[in-house]
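Can you keep this structure in mind? I'll have questions shortly.
All chains are identified by letter, namely A, B, C and D, in their written order; residue positions are counted from 1 within each chain.
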Amino acid sequence: MIAAGLLAQAGLMAAAVVLAAVVPARYRARAAGPAIAGIGVAGAVTGLLALGGSQGVVEMPVALPIGPLLLSPTALGGFFMLVIGIVGAIAAVYAIGYVHGPSASRSSWMALAVFLASMQLVAAAADVVSFLLFWELMAVASTALVLTEHAQRATVRPAAIWYAGMTQVSFFLLLAGFGILAAQAGSTQFTALAVTAGDSTEANVAFVCLVLGFAAKAGVVPLHVWLPRAHPEAPSHVSALMSAAMVKLGVYGVILVVTRFLVGGATWWGLLILGLGLVSAVYGILQASVASDLKRLLAYSTTENVGLMLLAIGSAVLLRSNGTTGVADVALAACLLLVMAHAAFKTTLFLGAGSILRATGERDLDRLGGLGSRMPLTAAAFGIGALGAAALPLTVGFVAEWVLLQALIHGASASDRILAIVMPLTVGAVALTAGLALMTFVKAYGIAFLARPRSQGAEQARESPLTMRMAMAAAAMLVIALGLAPGLAARAVADAAGLVGIGSTGLLGIDLPAVGALLDPAWLAILAAALAVPVLMVSLRYARRRPRREVDLAWGCGGVRVSPRMQYTATSYAEPLARIFDDSLRPERDVIVTHSSEARYLVERIQYRQRLSDVFETRLYLPAIGLVDRMTTAGRRLQNGKIHFYLAYSFIAFLVVLVVVTL
Amino acid sequence: MAVLLISPLAACLVLAVSTILLRRAWLNRVAGLLAGTGILASGLAIAAAVMSDGPLTAMGGLLRADALTAFMLIVVGAVGVTATWGSLAPRGSTRADAFAYPTLIVAFLFAMTLAVLADNLGILWVALEATTITTAFLVGHYRTRGSLEAAWKYVVLGSVGVAIALLGIVLLYAATVQAGQPTLSWASLALGGIDLDPGLVKIAAGLTLLGFATKAGLAPMHSWLPDAHSQAPAAVSGLMSGVLLAVAFYGILRIQAITDAMIGPELMRGLLIAGGLLSIAEAGALILRQRDLKRMLAYSSIEHMGIIALAAAIGGPLAISAALLHMLGHGLAKSSSFVVSGRILNVEGTTQISRIRGLLARRPGVAIPFLAGTAALLGMPPFVLFFTEVAIVIAGFQRGLGWVMAVAIALLLLAFVGIARHASDMSFGTGHDDDAPTGAVEDRDRSWHGPAAPIALALIAAIVIGLLAGPLSTLLAEAAATLAGGS
Amino acid sequence: MRLDAAVLAVTQVVVMVVLTPLLIGLMRQVRSRLEGRAGAGIAQPWRDVRKLLAKEVLKAPGTSWVQATGPVVLVASSLVLCALIPLVGTVAFPLIPDDLFVVVGVLLIGTVALALVGLDAGSAFGGMGSSRHMTIAALVEPTVLVAIYALSVPIGSSALSQIVDSRMQSPASIAAPVSLLALVALAIAVIAETSRMPVDNPSTHLELTMVHEAMTLESSGRDLAWLELGSWLRLAALLGLIGALVLPWGLATEITPLTLLIGVVAVTIKLAILGAVLATVEVFLAKLRLFRVPELLAGSFVLALLAVTASYLTVQA
Amino acid sequence: MSDAVLAQALGICSALLLLSAVLLVWRRAQVTALPLLALQGLALAGLVAVIAISEGSLELLGVALLVLLFKSIVIPLALARAGRGEYGGAPLINTATSLIAVAALTALAYAISAPLAVLGTGPAIQAIPVGIALVLYGFLLLVTGRHAIAQLIGFLVIDNGTATVAFLSSGGVPIIVELGVFLDVLLVILILYVLTGRIRDEYGYADLDDLTELHD
């Protein structure tokens, strides 16, 4: 069954590629879209089977004696395949209605099929070479997708280069890490790599390489720089796939490392992962909270969520080495729940952002507004996604964060000083993250959908076509359904990683006996509904008596003018925060005051400009790139065109070799 | 069976002579392609024969073919076909100086075939030097100042470098004379039966390696390469980058097999690692700020030869078969890329990277093969170079050369970023300076500007060979075993 | 058990709805008297709510469904808070534990509803208030969670009823340094979250200093009534929580009419005391500049963190 | 002829080879360079002839004649035609430095020839360092020579050195290889000759200083 599922994915991929290539442009979306959705469904079904314990192998021979390539998903792989498959299917359906211009081209559809299938097969890979193969294939396809609109915007090209470069960094790190492991194990098959590593130098180096490699793909600070550039430039269904599915494979990799390849190990392993997660979470959401480009905001929020996932993994590693395996399991469960939650709400949000982009041509929040009434379904779906991203109760985001916090507060113990210091700080950081996420998504939703339109595009927005609405609704429904019935998710998560002490209770609530906590959001919803009834009854009673009366203008203390430019914008909304975190965000601000020509005291206009760049990019990467640049510029002098120099190189090499061989 | 070995050489000779004597335009046009096809066919035939009957010999042992030979012949033939077919001039066009060109191309292919088939280090040397001779005027074909300069540098640096190899071969011969069994046959030497003085073998091996490394384009002996490759006509650049380097490296592999049998692998490993890392570093540094497309491709060849050198240093069945497959994959991809770069030069009038913009939007027929070739060269899956690079790194770690691999990987990143950035600068975007968004580019040029089939076939082959188990993997394994036979 | 919990929840909700306007009235009255004014009487807030409910609602152009639903969500969330927090008794629902993280989550739903209402009309003041409100909420969250963490460490659970229960059984723990630090931190957080002095001035009429008031500027009629009531309920519930933590006496541990009565009386007294104290303190405080608020909150975060660290020391001892 | 005479002849030829090479480095003018090159060819031919006689090999005698014909007559004459009397500017390093370099390279040649002692103890083996020194000098000429002809001469000196080593160490490589090598070298010289002409046509002189158009 598993083998059939894997072959079905490959077959559907081939079919989708062929369809995309041969079907004429008019029908292309309707032909390729469903085929790609099929890839996702096949992946989800295969993943579900693998999660349920089915096993199966697909072998593929290669020319070199490093094969055969093995595909055989484990339960954990199946879990990720399931998540990716569902996201993929939704995004593919969405794409049918969404694609236009370059994103409707042959190459774009072909790349999409390859992208989705290779992501799913990464989760199925059971040996180093096939893992790296599909990993890199996924990178190539996604780079092609990021480049889709290269002829439309000048920002696409640098984004793709950053992405390709960082992806290659990730690939090389993984190659080195896996190389070390394979050399140690004498085999490239995962089953052989699965050895408990001692505290050897090789294990340490391999650990760092692998974790950093996966972290780069997951968009973890400080390797995240590609993410806020690439995600916004890609077409939105691709952004959704990248953000909700692809970066998860980085998390998958880290989990593989700590639960399969390098089990146990030094305390600093756990601290490293936790530290990376902590910094990513806080930095990511801080950047998101001050971003005004909607897709950039969502991209940084991905960094935040991946940070939380890593933080959970790091705590699990620390707790396991401390001996509290029950709590460690809860932490790992939190990570997987976060994966699921993030996949659900980030899909919703990116699809929503795409819907906005398609309707208005804008992704700058400062130019949106008033879309709630113009695009009701998009507004509702985006709203639900935003609630999820803000981790508010009744959404899956809340469940995941709740489990994480339960693990964290039960993790510390007085006997372990490191944990006693680390855990409170972690809780504080998670809380700050949650608070800023709340602010971020209130801003995103409030500025985009409420108030009056801030641009012509927003003014004339119309609701998106059916397939897009279907996809958004499905994704939003997942956010709520998993939030109300997390029991199912909990069971899946427990199966995926072989965790004990995670179960379901009540109306599919979640039960964590290891930390003595349980939560049944369905009952909470019922309670809330029951309490809301009398309030609503009162409201309705008065509403019938005194209906709402439309007025011409809002009041605004008498200060509201007609111009929508008088409204608060995303930039102004985040301004207090940008000021508070001035030291870590380092925004560039220009205030240009033009005085009236008649009198210096009169101001004709004031221009305020604020640019937020990524601190890591400007402080870490650009200097490093500059250094390499200077070195290569110096290196160019070696090849200065003078044949005498060239002969001298040969001569020197000759002399050196002579000396070496006669020594 | 001896006829199998002689036939490709004879065919090339006949073709070369006919181009001189007959002076038929159609023959001149397709002579290179015919020679390439012949070599490819004989390579396949020899491969089949070798795999069923073991090594073949001819002409009193001067020519010999084993699995490695057969594989190299396939490389020469396949790249020859790609490069010559891909840059086939339109029918009826006349080229200045056209009569020498086809003759030299065929002679060039002949020399490489001879180098691969000869079971004598002396003849191998002669054949390698002959490649310099035949390509000198090909490099200088365009008769511009640049090509003249390139030709001069090429001949001087190439000959001087190869002269060092001759010194090494001479010393090796002296050692065999002293041991009482004078021979230059690598087949006999690699068996390890002859008791040579290790000190002498070390000198001989070091010098031969250095000499062949010149032709193989390994730093610091590579200086001729970017100039020659950038100035030669596209087909010649493709042939030089795609096979000449590989054939020279074949010489290194033969020497290595001999020394491994006699003095152990340490010396060659050390030298090859130094050369490999230097090459990758040099290539990475110069690609990053490269201004010319063809020079960039040339440096990429240096980078790939560095990778192959590292693989040779690692040794063992996995690394060696990866190195061999890498040669084939690189040959196919690089010759296609050079052919496409020739088309870019034709249609854009320049190979300056900064003056080529928006290629994909304006000329998809050229840009798509260019991008595909670049992806292949960058080791992106599903192209075969992905598998070989992964295999080489894994083999390196298995050999305990972890730090070497780490450094190599870090340096490869430079080359990757450089090539990726240049390729994307040239291909993507609108092609207008201001990068203003344009809905549709008006005069979109979909023509391939040359035969599409060879490029497509070469790139498809560069994918397929990685996934082709069965006969290919047997051939590779046997070829690797040939080299490891003595140790 | 579940029935018990339901009875308790209903009691708490009803009691709080009745008491809250009176509490606000009390606080205003205390303040008026201290400032030398007569005051409007304790029941004035009640009258205000009733009046507002009956008034016509004005709908500005561009406003959306948020204008109408936001206030209802705020009130509902506040009511859920009243049901979950152990105000009258410590009998919790088995499947909806009064887990502190859940409580905070519900609280935040109200915060968000309020912030969205502020943004809905598109007036500059609404946005300003909303922005400030959310900024403060974001910065308060670490303090709240870490303070909760500190309180949960000694008993190994984050369920409020269990925390309060354990305090009832060993009153000495209330005065422990851990508890004091955590309570101070929590109190600051509550003040910030409910927009009281010195973070926000609830009775300000200067638009540029407003936080809470700015968000409700565009609401009228029953919307405004619900917004006011919801916010008051939040304040009351949180004060009640602090009351239960500081003075955990009088809470019903099992549900009988008598214990319920005692609980109701106790919570009334506690709220009255805390309200009066808060109002008194507020008279002597000036509102902080907005950009000084983070300092206050950072301070409270440090207190909470110290509390956690201290709690490990205590456990060890 | 007796061994002693042969050894004597061998010594004279080796000394002439070395001397001509040192003088080539020292005196940088075409007027002297080409005769010196011819002298070197002559010495090499003599060396081959001596070895041929000592081994009684007719083949080698033929080789000696070929060497004589080409290396001491044809090539120097051809170069004289190609060079047209020019020899470019002064070498890149001055004469004193060149001579110090020569001394150092000679010492190096002897130092690295130590492992070659295993080949035997005869006078031929003793003279091998001369061949290696020639190769090194040739390189020096190449690296410092500014003119095309100067580089050609450097290349020829390297080739002479290699040949010297070949003949001294083993009496020459197999004849087919020997012929191939010879042909190759001739062709390379021919090509460089043609290219020199083209460079002159293009630039008006055959100085290599201006050949720096291709660079990074």
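Following the convention adopted for this analysis, a contact is a pair of C-beta atoms (placed from the backbone, for glycine too) under 8 Å apart; a residue touches a chain by one contact, two chains touch by 3 or more.
Just so it is clear, the structure is predicted and the values come from calculations on it, not from any experiment.
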item	value
Between A-B and B-D, the pair with more C-beta contacts	A-B
Inter-chain centre distance, chain B versus chain C - centres from mean C-alpha coordinates, in Å	76
Chain centre separation (chain B, chain D; CA means) in Å	31
Distance from the mean Cα position of chain B to that of chain A, given in whole angstrom	42
Chain centre separation (chain A, chain C; CA means) in Å	35
Multi-partner residues of chain B (at least 2 other chains)	152-153, 156, 160, 164, 199, 202-203, 226, 286, 289
Where chain D touches two or more other chains at once, by residue number	112, 115, 139, 142, 151, 208, 211-214, 216
Chain C residues counted as touching two or more neighbouring chains	none
Contact graph of the chains (line, ring, star, complete, other)	other
Those chain pairs that satisfy the touch definition	A-B, A-C, A-D, B-D
Chain D - residues contacting chain A, complex	92, 108, 111-112, 114-115, 136, 139-140, 142-144, 146, 151, 208-209, 211-216
Of all residues in chain B, those that touch chain A in their complex	152-153, 156-157, 160-161, 164, 199, 202-203, 205-207, 209-210, 214, 220-221, 223-224, 226, 267, 270-271, 282, 284-286, 288-289, 317-318, 321-322, 325, 358, 360-361, 375, 380-382, 384, 386-388, 390-391, 393-394, 396-398, 400, 402, 405-406, 409-410, 412-414, 416-417, 420-421, 424-425, 428-430, 435, 437-439, 441, 465-470, 472-473, 476-477
Contact set on chain A toward chain B in their complex	60-68, 101, 128-129, 132-134, 136-137, 140, 147, 150-154, 156-157, 160-161, 164-165, 168-169, 172, 175-176, 178-180, 182-183, 186, 188, 202, 205, 628-629, 631-633, 635-636, 638-639, 643, 645-647, 649-650, 652-654, 657-658, 660-662
Chain A residues within the chain D interface of the complex	636, 639-644, 647-648, 650-651, 654-655, 658-659, 662
Contact footprint of chain D on chain B as seen in their complex	62, 120, 122-123, 125-126, 129-130, 132-133, 136-137, 140, 143, 145-146, 148-153, 155-156, 159-160, 163-164, 166-167, 169-171, 173-175, 177-178, 182, 184, 197, 199-200, 202-203, 226-227, 230-231, 286, 289-291, 295
